[in-house]
Amino acid sequence: ETIGVSMALFDDNFLTVLRNGIQELADGMEGVDVQIEDAQNDVAKQLDQINNFAASGVDAIIVNPVDTSATEAMTKAAADAGVPLVYVNRQPINVDTLPDNQAFVASNEIESGTLETFEVCKMLRAMGKGGGAKAYVMMGELSNQAAVQRTKDVEDILGIDMCNFITVVDQQTANWSRDEAQDLMTNWLSTGEEFDAVIANNDEMAIGAIQAMKAQGLDMAEIVVGGVDATQDALAAMQAGDLDVTVFQNAAGQGGGALDAALRLSRGEDVDQKVYIPFELVTPANVDEYTSKN
Amino acid sequence: MTNDIILETRNLTKHYGGVHALQGANFTLRKGEHVAIMGDNGAGKSTFVRQITGVEQRTRGDVIFDGKPVFFENPMDARNAGIETVFQTLALADQLDVPDNLFLGRELVKFKFGPFSILDYKAMRERTMGALEKTGVKIPNIRGTIERMSGGQRQCVAIARTATFHSKLTIMDEPTAALGVQETAQVENIIRTLKEAGEPLILISHNMRQVMDLCDRIVVFRRGRICANLDIKNNDITGEDVVAYITGAKTQPEYADAA
Amino acid sequence: MTNDIILETRNLTKHYGGVHALQGANFTLRKGEHVAIMGDNGAGKSTFVRQITGVEQRTRGDVIFDGKPVFFENPMDARNAGIETVFQTLALADQLDVPDNLFLGRELVKFKFGPFSILDYKAMRERTMGALEKTGVKIPNIRGTIERMSGGQRQCVAIARTATFHSKLTIMDEPTAALGVQETAQVENIIRTLKEAGEPLILISHNMRQVMDLCDRIVVFRRGRICANLDIKNNDITGEDVVAYITGAKTQPEYADAA
Amino acid sequence: MSETSHGIGGLSFDAKKRAWPNEMNVFIALIAIIVIFEILGQVLPYMKGQSLLFDFNTNRDGTILNMVRLKIIILQVSIIGIIAIGSTQVIISGGIDLSPGSIVGLTAMVAMSFAQTALVNGNPNPKAIFGEAWMDLPVIVPIVVAIAVGTFAGLVNGLLVAYTRIPPFIATLGMMVAARGAAKWWSKGQPISFPTEPFGAIGNGMSGWSPVVIFIGLAILFHFILKYTVYGKHTYAIGSNEDAARMSGIKVDRHKVLVYTIAGILAGLSALVLASKNLTAQAGMGVMYELDAIAMTVIGGVSLAGGRGSIVGTVLGALIFGVIISGFTYLRLDAYYQEMVKGIIIVAAVVLDQWRRQRAAARA
Amino acid sequence: MSETSHGIGGLSFDAKKRAWPNEMNVFIALIAIIVIFEILGQVLPYMKGQSLLFDFNTNRDGTILNMVRLKIIILQVSIIGIIAIGSTQVIISGGIDLSPGSIVGLTAMVAMSFAQTALVNGNPNPKAIFGEAWMDLPVIVPIVVAIAVGTFAGLVNGLLVAYTRIPPFIATLGMMVAARGAAKWWSKGQPISFPTEPFGAIGNGMSGWSPVVIFIGLAILFHFILKYTVYGKHTYAIGSNEDAARMSGIKVDRHKVLVYTIAGILAGLSALVLASKNLTAQAGMGVMYELDAIAMTVIGGVSLAGGRGSIVGTVLGALIFGVIISGFTYLRLDAYYQEMVKGIIIVAAVVLDQWRRQRAAARA
């Protein structure tokens, strides 16, 4: 059997782990071929890839959607071609109207930013800053749904009573990039403004902020820094005492689940149409459990 | 009598940064008159033409054409006002063919619809053949692009373009520089035809024989100034005289400041 | 006696697609000899030069230079072999100034280090002044870029470039086309100096007087073929004769197929 | 032929030796690439004798052609192809346009905002941008909006290029950055989805062929405009020698404004098809489309120096892209190699064209 | 002055009226932008009288200047600035290079693979690419590797441009796509992290000033090379008129290979600084750097038509970028507006330059 896989992006740390999960599982099975393509963050390219898979006669398709609002057209394309489809990692917008031969294995994106920000809030309270604290927010690429969602999560959490002692000094984009985050942080530092926390949409930006702060001689014990993804770099930074919060998502598990669902759909077997995989909070207290997971 | 003057410049001046390429040129051209401009290389002849035809904007001075002061923004304005020019740089589009170049900017159309008017290729090709014949040039394939033409062929295309359309004033900047013996003779014929038709002409040329044959008057430029105005048809002026003015050996008294 | 021949072409031919620009040209030039090439516009003169100097690759035929068959890949090869050329298109870099253009490709350096050799601007400027004086041209500011020069000034820079360097053969394609009376005289002097120094020359020109004055022999091109080879120093040949060959009224018997 | 030879005693000219049209090279490259894929399909063991364009186990439909693949080959380049039509005329005029990708993003966002449906599966539209009153509008509204946005962006490009005389590369680079910013700002990065059915038909109608029909229709229209109208002639003339065009009396500045505006309109139309086909609009749509469009154009034989090229070439260039993309999936080429090979093929196609031209010029 | 006027009876020439150097315009634009930011700092109520470059509550260090801001202004453009030096000479030679961003990505990945440390926080390096034997290598190894990769990529660009005669836009576009693919393929998309300490010092040394020092050092070197060596003169000549340069006997092809190779080496050095500064290498690094580099170059007065421009201008262009980025953060401009404003400023800077030049040309 041949399974076509369209990944949102290849050069993304987390999605790479997910992709490798699919690949390794398939390599271990007899007679299962996977063909993985890179949609390069382009929804239109992803739709075309699905059509190309259909033209090549694959048995099932796994899609890691570039954007979950674009899944209607993909569902339709696969349904028209009569090829089973499984969404992975991101919950499609049309989750409630998926046809019978489609399914999804995903996590709820709202959780990641919420877990991160709430933990930052708790840590600041524990440090005795409940009377008032200032934070900088680093956003991912503004056209990216995860960035928009996680930033909104930050706003939501900082709106609840328990955490509204935190005020956001400024929020800017560093486009997911460690380099841009370093420069952005240094620019913030050049204003001389005091602050207590940096909440970043991903770990790369959090690490960039940490590097900039360390270069300027700030004490990392005084500042709470949060990210998302639990990358190896982030875990190392946490072990070194620089990073305080990150959020783990079981990439390999999602990949395996998706492949399994796709194979079963292609054989006409029954599957659970909705599989949720929760995010997990990582802090210095439990970091050692995660170092071998991603 | 003023009615008689088609072009007049007063104190026309052009500086390029520190280079004073043209200074205080006072020049008149009567209707039907053919005037030659001569002078050393770099004396400011082409600069003079560029100021009149709006290729560049003058530093100061006035240009009066057909009785009215004019400020041409660009060469198209000048052409619309009735001045046809063969520039020294020819101004041809290298990747287009001969008819395209001849009719550039005033294409013949079969069906008018603003910029989307439909071209009449056949009519343009036919009229091109006629225009080229007048210059006597031989072009093996008029549908070949201009970049494939020899120096003289290009020059003939530029001349044909000017000669094809009626105008109130024709200006030619060294039209026969690259032409062969036969083609030069043909172009001189074109100029004589203009004379007979009473169309005025400014001819820039380094060729003494040609100028003596064709023109009524020679205006000499030196170091960016006019230094002589010689009525060759009525006075007894030789080539040696003209050369003396060009080189600076002589200057007319009324242009003493050019010395 | 064969030793005496600096350049020979045998059956040199160039087709551009369907255009037969040069056909079967057999040409010889002796050491110290000055030969003129004449012919109508588009007769194939510049094409002939381009084949010899490696600007283009010939369709067929041989070029024998200084006793050896040569296949120049590009004009630099030709120059290294000792052929200096003034091309009709001049080949100047518009955004560079006069000394830069004069020494393009053979800069004077203060310190040799491959491509990163350090330029000797002062020496180049000084030698430029000398070279320009020979052509008699006036350039207000030699540090100005070439794009700001008049047509004649550019041509003089190109000629000065060729005349500054010694060579086994000099080729000039219409060098005085854009030049004024004085500058033309100076360039003709340069050519006479070459003659006295025994350096051979191929001169393309449409100027009958010039050719008659300066050259030993005239080769006439017509429709891509050589149609006459006239020894003007030794035989009694007039301008009218030459024109007859150019126009096709006459053809030498040995070139009967060109008729 | 009397019309192609002139005057007494001209050079002999062999009119039969007609120049081989440049588009022919591109066509040969296209065929060569298809043939290579077909051969690989037969030769590579794991391909089990599959074919790119043909379908021998005719169980899917009646024809021997693999219609699904034929459709996707051209469908997937139709949207960028529409942009490439605009780029073709911009490049022929001696300019370049880096902004259409971003204009696509912006236009898609704005147009989609006016194409939303009020109810999705009976629930209110979760992605609503404006209030109820702005929903379920007739499909002409988003179409007009898209054209207006494209026109505006193109007009700004054109005015900048024509009247400030800054290089088109910079004017359109500025637009590229600014329009992408505006696309992100429009709904604060949120995607906009759930269009009305008629809107969805623009990019999905005619059993999915409608983007192809729109692309080919526009290509034919612009082929005609470039070859047979004054607009086309002036575009070539300006690209060939701008100074000469100006001295010949062409209103160069006004013409350039028109050229860039038309490119903007085509980008707007492309956005319309894209948003409709995907049933969504996102701020990140169209990233890098300009480079693909330029590559198609150049592969199709348009000279970046201006003055040369044709729409036919560009369409063939687009098809080469389509064949490559589908061919990779068909060969199951590892995604890691796809980009590397794509880069090489882009270069190879242009090298081939260049080489054929040089040979043609050198040939007797 | 006898050296600037020649021959008898030439035109009168007023040597005092020296041309105003083009770099002056760029410098004025830079100052104007700084002044605008300073004024906004005083005028906008929420800014509370802050200043961009000065620090009046001198509690942080002894100087009245805001040293942190001064440093970041130039630090954040140093890495792209190194690329821009290469682009400057490519553009002066009449070409263009779209590949440096991707070359940066590829070079960073490859070089970082040879710069990994064996132990991270006492544990084995979790991102190890090669075995133990390839870890903790001397820092010269990744440096040599980076230069080698950059040289190779640049050399391929140069050979393509020079010997196949395809447009540089296409040759380097192909390299852009292919090198990005290679970067992703190198470690299958995985980032590579945890370098040795000496490697980290390349981009973080001298209290973080080292990228600035490397950038300025290279800028001075190339300023000298372009102005005072044969290499520089030939680069300008080729950009000015390639045919003329060829007919004058310049080895145009060989020279172009050199120009693109040097641009590749500079991209490799830039990657080295980038990877070191960030202590990581990722396949997505350097995306769009080429466009920023070209924009810096053109803002600095380099003509995209070739033949004109200077390194001094490019450095000033880079500083304009740096001031804009820092100025936005200092003004706390909403992220959604930043891109739009950036696009406008890029265009405005070039328009200003163009306008000043035209006025200078029109002036008596």
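The first chain written gets the first letter, and so on, giving A, B, C, D and E; residue counts start at 1 in each chain.
We take it that a residue touches a chain if its C-beta (ideal position, glycine included) is under 8 Å from a C-beta of that chain, and two chains touch if they have at least 3 such contacts.
All of these numbers come straight from a predicted model, not from anything done at the bench.
Peer 1: Rounded to the nearest 5 degrees, what angle rotates chain B onto chain C on CA?
Peer 2: 180
Peer 1: Please identify which chain has its centre, taken as the mean of its CA atoms, farthest from the centre of chain B.
Peer 2: Max centre-to-centre separation from chain B belongs to A.
Peer 1: Taking mean CA positions as centres, which chain lies farthest from chain D?
Peer 2: Chain centre farthest from chain D's centre: C.
Peer 1: For chain C versus chain D, what separation do you get between their C-alpha means, in angstrom?
Peer 2: 48
Peer 1: With chain centres defined as C-alpha means, what is the inter-centre distance between chain A and chain C in Å?
Peer 2: 72
Peer 1: When the C-alpha atoms of chain D and chain E are each averaged to a single point, how far apart are the two points in Å?
Peer 2: Inter-chain centre distance comes to 31 Å.
Peer 1: Multi-chain contacts in chain B: which residues touch at least two other chains?
Peer 2: Residues 16, 18-19, 40, 42, 89, 137-141, 247 of chain B touch two or more partner chains.
Peer 1: I need the residues of chain A touching at least two other chains; which ones are they?
Peer 2: 10, 38, 142
Peer 1: Provide the list of chain D residues touching at least two other chains, using ranges where the numbers run on.
Peer 2: Residues 8-13, 15, 180, 184, 188-189, 336, 338-339.
Peer 1: Show me the residue ranges of chain E that touch chain D in the complex, using the header's touch definition.
Peer 2: The contact residues of chain E facing chain D are 98, 160, 164-167, 169-171, 173-182, 184-185, 188, 291, 294-295, 298-299, 303-305, 336-344, 346-347, 350-351, 354-355, 358.
Peer 1: List the residues on chain C that touch chain B in their complex, please.
Peer 2: Going by the criterion above, the answer is residues 16, 18-19, 38-43, 45-47, 88-89, 137-141, 144, 148-153, 155-156, 174, 177-184, 206, 208, 243, 246-247.
Peer 1: Under the definition above, what is the set of chain B residues touching chain D in their complex?
Peer 2: 55, 74-76, 79-80, 85, 87, 89-96, 100-101, 104-107, 109, 113, 115-119, 125, 129, 132-133, 136-143, 161
Peer 1: Could you pull out which chain E residues touch chain A in their complex?
Peer 2: So the residues of chain E in touch with chain A come to 50, 55, 57, 60, 66, 68-69, 71-72, 75-76, 79, 120-121, 123, 126-127, 183-184, 188-191, 193-194, 204, 207-208, 274, 277-280, 282-285, 325-326, 329-330, 332, 335-336, 338.
Peer 1: Okay, in this complex, where on chain D does chain B touch?
Peer 2: 3-13, 15, 225, 228-231, 233-234, 236-237, 239-241, 243-251, 255, 258, 307-308
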